[in-house]
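As structure tokens, here come the structures.
What follows is subunit A paired twice: with subunit B in the first complex and subunit C in the second.
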Partner chain A sequence: MATLGLRAPRRSRHESLSSWRIRDRIGLALCWLAGLTLCAVAGAIVLYMAVRGVQFLRPELLFTAPQATLDQSKSGGFLDPIIGTLLLTVIGIAIATPLGVCTAVWMVEYGRPRWLARMVETGIEVVAGTPDIVIAIFGLALFQQGIFSWLSFTSADGAVFGRSFLTAGAAMSLIALPMVFGATREALEAMPRQLREASYALGKTQAATIRSVLVPAARPSISTGAVLGMGRIVGDTAVVVVLLGASLRVDPTGAIPGVDVLRGTGGTLTSYVYNNSPAGEGGAPEKAYAAAFVLLLIVLALNASVELISRRAGGGVLGLGRS
Partner chain B sequence: MKQLPPPIRRIALDEPPTIVAPPEPEGNGATTHVRRSAAGPVRMSLEHLGVAYGRTPAVKDVSMEIRQGEVLALIGPSGCGKTTLLRTLNRLTELTPTARRSGRILLDGDDVDDMEVTTLRRRVAMVFQQPNPFPMSIFDNVAYALREQASRRPRRSVLEPVVEEALRRAGLWDEVAADLDRPALRLSGGQQQRLCIARAIAGRPQVLLMDEPCSALDPRSTATIEELIAELRLDLAVVIVTHNLQQALRVGDKVAFMYLGDLVEYGDARDVFSAPRAQRTRDYVHGAFG
Partner chain C sequence: MLARLRQPWSDQRAERTLGALAVVVLLTIALMLTFVAIRAWPAFQHNGLHWFGAQGDVDQQISAMVNTGANPSPEDYQFGAWPLIWATILTTGIAVVVGLGFALLSAIFIVEFSPLALRRLLVTVVRLLAAVPSVVYGLVGILVLAPFIGDHLISAERRKSVEFVIQLSGPGLLVSVVVLTVMITPIMIAIIVEALHAVPRSWREGAVALGVNRWRAMWTVSVRVARPAILAGAVLACARALGEAIMLSMASGGKGFAPNPADGLTFAFEPLRPLAATIVENVESLNAPAIRANVYAMSLVLLVSTFTLSLGAWMAKRSMRRYGVAG
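Let's turn to the complex of A and B:
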């Protein structure tokens, strides 16, 4: 009853579809179809992985290290890949965030000379558009140079291996950088001029204004960008295969505790899934499914936290523009 | 006298006659709006000040003095250069790349061009048209003004009494004392503007510039801020830009009428309103053009 009452004015406000040209009606139908298909595909992935994951995921898989053996009952879990994923994400985002924020601050608040700003912008667009495998290969060529030997393992004959958590993390930071940069830049550009003037009128320098007013106000956007970047790192495979070694276990190099892990090779959930899937060595598809499910959960959790950050910021900082 | 521009457009004021005939000075004590000026020493003097944006002049050859203990109200139609003049006093016009300035501005006898701009702006504070608190807590908004270039010192405990005093002088303390850590953006518009005043006066400036501080506020908040201005002028010089002629009369000790970049008339508020010397001033205060 109530719906009928509500629908009547809606009808009268919108023109009826029958007055549309046939082409437009087909176009509208295609738009609907595209949206629904996307929902269906996303739903299917999550549902399929959930079913498979629940079927194969055992708690002990999360806490036991993998073993290199053909006997699947003895090949262990994927503790090391989980550690690898976390470690690589932390390194990558720890490099990308300051780099992205500083670049965005320079672009928005200074941006002179103009040609340099344009070049930086183009540079970031190029980085964003470069396939991850290309970044990985470039990283490998770079980090195999002698001056970067401290980042990874060097063999007895002096060849620099170039593969480690540090080198892979550095390459990963390039993959996350555009997200952090874009989010920060957008936030700074959206900030009203009055906010900057208010600070200058109090006798503050531009540096103080950036540090104490602008960057803190942009913090929710920066966090969102960083979490999106983390999602990219977690899901990347090419860099792991080329620059981390995609080994089964975390394999330390050197003698300094902690640093040895960073200089050593390892694998992540993505490389674990790849290696165990029928496409890789095909050893253990069940474990690949279980690991893929964990990977999906991590990515979904990251997406949910983006939603949370932007919702929490809605009342406070993003209210700036409303004044 | 030269006949000057015909009325551009007529504006209908709600109660225009009260502008022309100011209330009796000996009148009823409740309306404390028209006060005797407590003029103190000259704080700022403007000597042949001119400002242009590119080739368009915005302020032409303005000379006047701004005294402590007085409220100087800048009035005039839109685009006449009031705000530009105001923003020149703390060199905020320098943020506009095309702005060029000529003439001299002295603060306590020193040329403002010889001062570090950050020092000048601490001594000549400003309140803007739109309340513009920072997206941080109430306390931090005031504390930011007091701290040296974004440093974390002095600590909160040291600043607390100073912040409280600034909020008290801005008439906001009683409303916010319970929770100074609330985000400033949660305050009402009128409260935000008083917070901005507190922030501006916290560092004990010698001059306070106000650019239509009440134009975004309701009548009640406006009245509160006008009372505040009357109290503040005892300690510092206040320059206020206003579109509201009644407000200029209520808060102003001196009134400067600007038109197309010229300073047309400058004098005691009551004289400018009751016996304007220039035809343009007469037209304007009578509501002939806005």
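Let's turn to the complex of A and C:
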């Protein structure tokens, strides 16, 4: 009965592609291609690292200290790098979180004078874009000054070494800072005005409102930011190479137990991978693969916890956050 | 002391304390510029603007500086960073251009065309790719891609044809660009997706109601409105690529050589070493003043370029508000 193609337009959920122009169809095809390639690349990287990791990772590698020897059967595992990674992450995030939260709170809640707030905002964007290697080399120049000699090893002729867990942690905090700041700021800005007004109406001061209402309400976002920052610290190599010495073992400096480790040099998983790859001096790809697998697992775990936190807080899963 | 801290803070005190911390952040940035510039000064003092030019073999100049001792003469500072700068421009430029097209298509796919399940997966994938440490990318580059390229893509004749200039072994421009593209694409995707989401749905629906198909509506309305964000994404990715040190130090071949586009296809296989990678590789010899000055000069170049790029991206994002779209 259909009279010469005057069919009612087919209105399914997907409009018919056949009516599209060829250029549009090519565009759509390219979109699919790009999306699928992305999945394929990520899948390939993760699968490859997993296969290599399972192939070379032995439980004893995790619990034995590395030895400096060319004989790979005796060069031990990567206990010290794992300790180094943990220690550095804790120091870095312990500095970055309070600093980032305070800065964000000041900017959103006070922000006076206006030009200063704008400068701080721009400044943090700038820090976020600064390469880790430049931050590292700036840290070296800063912490080699005489007044920071208590942070690291000082040689007999008075030259300050500038490399220790403390100095590397301080530089790392600068890398994690934009994450914490951004997450806190977004959370505070998204909070309804009534929340603040209700608190004022109950007679609370602005400072008390911040402490007992706003910051607790922003806690899920702050943890998201902190975990993202931790991910950045765990994965960073440049700061470790420049400011931590990237040594194989944790080398304490000084006599006070506990503090000596913090003032001493060390290495992390990233520097262990770097040094054991063909680019570094030790040609032990098996160990590099095993350590890289552990590193990847840590990063994936941090990633998963970000998702968990934001899901529990009711945040949209599909909104790709600022990364 | 603790009792005093537990007492509720007065507003004024809270504002001052928090403000002081914010100023500390600003001061750190100022310190960063000052310290790096002071340490870089001798390099520019003795080389002038020739520092940016080509003055022969970079690697020879660096290794000569190691032996110049604690009080080098002005000639010892002689350095021409052009091969390193050229390597930085090449890797960054190609990776950003390739990555941008890819990121734009992926972002459109994520926002508009992808089935829901695939969209979930893609969001995870993008986060994952952004989170993988650069040393892992470097490892993949040097242990997987480079040997593959060295064994299968570089023919013996090609190797022989440039034998006296440079050894082609696998790591080089192609490996660097491929891995770098994978590293920076997620950054661009995240920013572009955010911007496309911010475009009001009704604008696109208006276009569809006028009889345009979904692809057209996306391309002519959303993408056009999101142009500043796309630019911002590209610029931020550029900053990231400029500063990528570890991966490039592993996968770029590590030679201070300026690849020559006139070499045809061989160009893609030639080793190089960008600025950031050079800094990492010379960290151990920073005690020699000549090397220190030149390494800090490289950092200064990177610092100034990334500062400029970040500010540019910030301004580009702001201009999206002109359309009444929060960027």
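As a convention for this text, the second predicted complex is superposed on the first by the 299 of 323 C-alpha atoms of A that agree within 3 Å, B and C clash if a C-alpha of one lies under 4 Å from a C-alpha of the other, contacts with A are read in each partner's own complex, and residues count from 1 in each chain.
Convention: a contact is a pair of C-beta atoms (placed from the backbone, for glycine too) under 8 Å apart; a residue touches a chain by one contact, two chains touch by 3 or more.
Worth saying up front: this structure is predicted, and the values here are computed from it rather than measured.
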Subunit B or subunit C, by number of subunit A residues touched: C
Touching partner for A:247 - first (subunit B), second (subunit C), both, neither: neither
First (subunit B), second (subunit C), both or neither touched by A:194: first
Contacts of A:208 with subunit B and subunit C, given as first, second, both or neither: both
First (subunit B), second (subunit C), both or neither touched by A:217: first
First (subunit B), second (subunit C), both or neither touched by A:296: second
Partner chain in contact with A:85 - subunit B first, subunit C second, else both or neither: neither
First (subunit B), second (subunit C), both or neither touched by A:164: neither
Contact residues of subunit A, present in both the subunit B and the subunit C interface: 205, 207-208, 211, 317, 319-320, 323
In the complex, subunit A residues that touch subunit C: 15, 19-21, 24, 27-28, 30-35, 37-39, 41-42, 45-46, 48-49, 99, 102-103, 105-107, 110, 112, 116-117, 119-120, 122-135, 137-138, 140-142, 174, 177, 205-208, 210-211, 231, 234-238, 241-242, 270, 273-274, 277-279, 285, 288-289, 292, 295-296, 299-300, 302-303, 306-307, 317-323
Residues of subunit C that touch subunit A when the two form their complex: 8-11, 13-15, 17-19, 21-26, 28-29, 31-32, 35-36, 38-39, 102, 105-106, 108-110, 113-114, 118-136, 138-140, 142-144, 182, 185-187, 189-190, 193-194, 197, 213-216, 219, 236, 239-240, 242-246, 249-250, 254, 276, 279-280, 283, 286, 295-296, 299, 302-303, 306-307, 309-311, 313-314
Of subunit A, residues touching subunit B in the complex: 192, 194-195, 197-205, 207-209, 211-213, 216-217, 315-317, 319-320, 323
Residues of subunit B touching subunit A in the complex: 90, 92, 95, 117-122, 125-126, 128, 130-136, 144-145, 149-150, 183, 185-186, 192, 196, 199-200, 203
